[in-house]
């Protein structure tokens, strides 16, 4: 059962709408896998055009997934008319990002009126096994009264 | 004049070869602007398909540029038969990444036989002005005796 | 049951000896509470002379406890003739450090021949309740063939 | 000449008063060396009771100095009726903290209404030479309408 009660009952739609506006997530082929109060999961199927010099997924892509999952985990616990921004994060890249798929799993450690702290891990799925390849610790800020996007018409 | 003397006189070619193998840098349209001992600069023209939900360049892209610049700044000071990996970094995202172009400028603070510490800033160029939008502090590891790529034939 | 098998069967004595040589831990009154493979706990009774300007325990003290617990958690998994150093860490200070006692609990996420990654949380105990006040993510390096202290005579 | 104009003309007194209330700084013997708009310097003469297991100054002490300097650098640019808290920081410990004296020098990278980003370096002075032993990147929050201390009578 969830540890947190989201102030916005439509938190999942709010997150999915916002994710859908991230053109970069579309460019890399990332998928918003799961959204629940204080948690978010973003997945990415391996692609050859997302690699660094050794043929593994680029650390920047791993980081982008983790950052996105962290932001939306925090956003699930923010009010309706607000938006979320990452102010900073730190990531440890612990193993090469190889495998069929990466999954970033974020969990809110401390929600806050202004700042939230989120912990995220990224796993690589490879032939049925899952390896933790990265650990992130992030600070997110809630911008109150700043809707996440321009009003949608129609 | 440079503060550091690279052990590999071909440091720039080594860095440029390695950068050219990063498929992700090609995917986002990043350019290896400058390479000098202990320093590296990576630039990225704005593109609509690299954005987050508010229409700015995604924090993951900003981070990928900074991470790449940091890695190659450290790599300029590593021996010929070695490769470089980021073990961790922390980034503060201080202002929205908007403008015609982003530039990540990395500088080695402390080179080391095993670990190097690099400081990187990312600037957004917008109608002739430059704003510092992010600051990163990274640790890079030198893998000795591990060439950066498979032997090139021909 | 422990997730890790320490290469040095005397890991606990090694850690306790090393902690006993930390004059700063004595100065602040910190106690090495628990040591097990890949884990370490350091506690600190509240003292008025360890505070910041608002009368809470200083962030530097909270950090010192977490850093020490992280180092020794990693050290439990290092070989006998080695020593451990923190190369870097990041900490989020999430709530004021008030209460009768602080406890830092560190757990190895990824042990490594050279680098280990450790996650630490600090809790404040206050009238029977425990609040998580800080979260740290650290990188520790193993110095092989570098004993932790001068040879003890007698 | 200073890059920043402090909103509180009494910024130096405000900082010195606050520093004087930090019992932990007194306990370790730290000195508030310099305060100017957006900058702060905290120094610490070497003491045997502040060491880690190898006889160098404990990383937690180095961090406490840097954290304190960072907080007060940010505080110089905050309004009179406010207080400052570190929300998070990351530090790279690059060389052993040995020498007669440590000096932490902090500089605001980005002041903000709510969050400020500060960069700090710690130097060890040893027989007339100065070595950069640590680099920190911090986020500080301004608590508006929250005075730093109880009202002083008299």
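Just so it is clear, A, B, C and D label the chains in written order, and each chain counts residues from 1 on its own.
By our rule, a contact is a pair of C-beta atoms (placed from the backbone, for glycine too) under 8 Å apart; a residue touches a chain by one contact, two chains touch by 3 or more.
All values reported here derive from a predicted model rather than from experimental measurement.
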Farthest chain from subunit C, comparing Cα centres?
B
Subunit A and subunit C, separation of their C-alpha mean positions in angstrom
30
Averaged-CA centre spacing for the pair subunit D and subunit A, given as whole angstrom:
33
Taking each chain's mean CA coordinate, subunit C and subunit D are separated, in whole Å, by 23
For subunit B, what residues touch not just one other chain but two or more?
87-88, 90, 92, 117, 139
Touch-based graph of the chains, sorted into line, ring, star, complete or other:
complete
Going by the contact rule at the top, pick out the subunit A residues touching subunit D in the complex.
87-88, 90, 114-115, 117, 139, 141
For the complex, give me every residue of subunit A touching subunit C.
90, 92, 94-95, 109-110, 117, 119, 132, 135, 137, 139
Residue ranges of subunit D touching subunit C (in the complex, touch as defined)
18-19, 21-27, 48-54, 57-61, 63-65, 67-68, 83, 85-93, 148-149
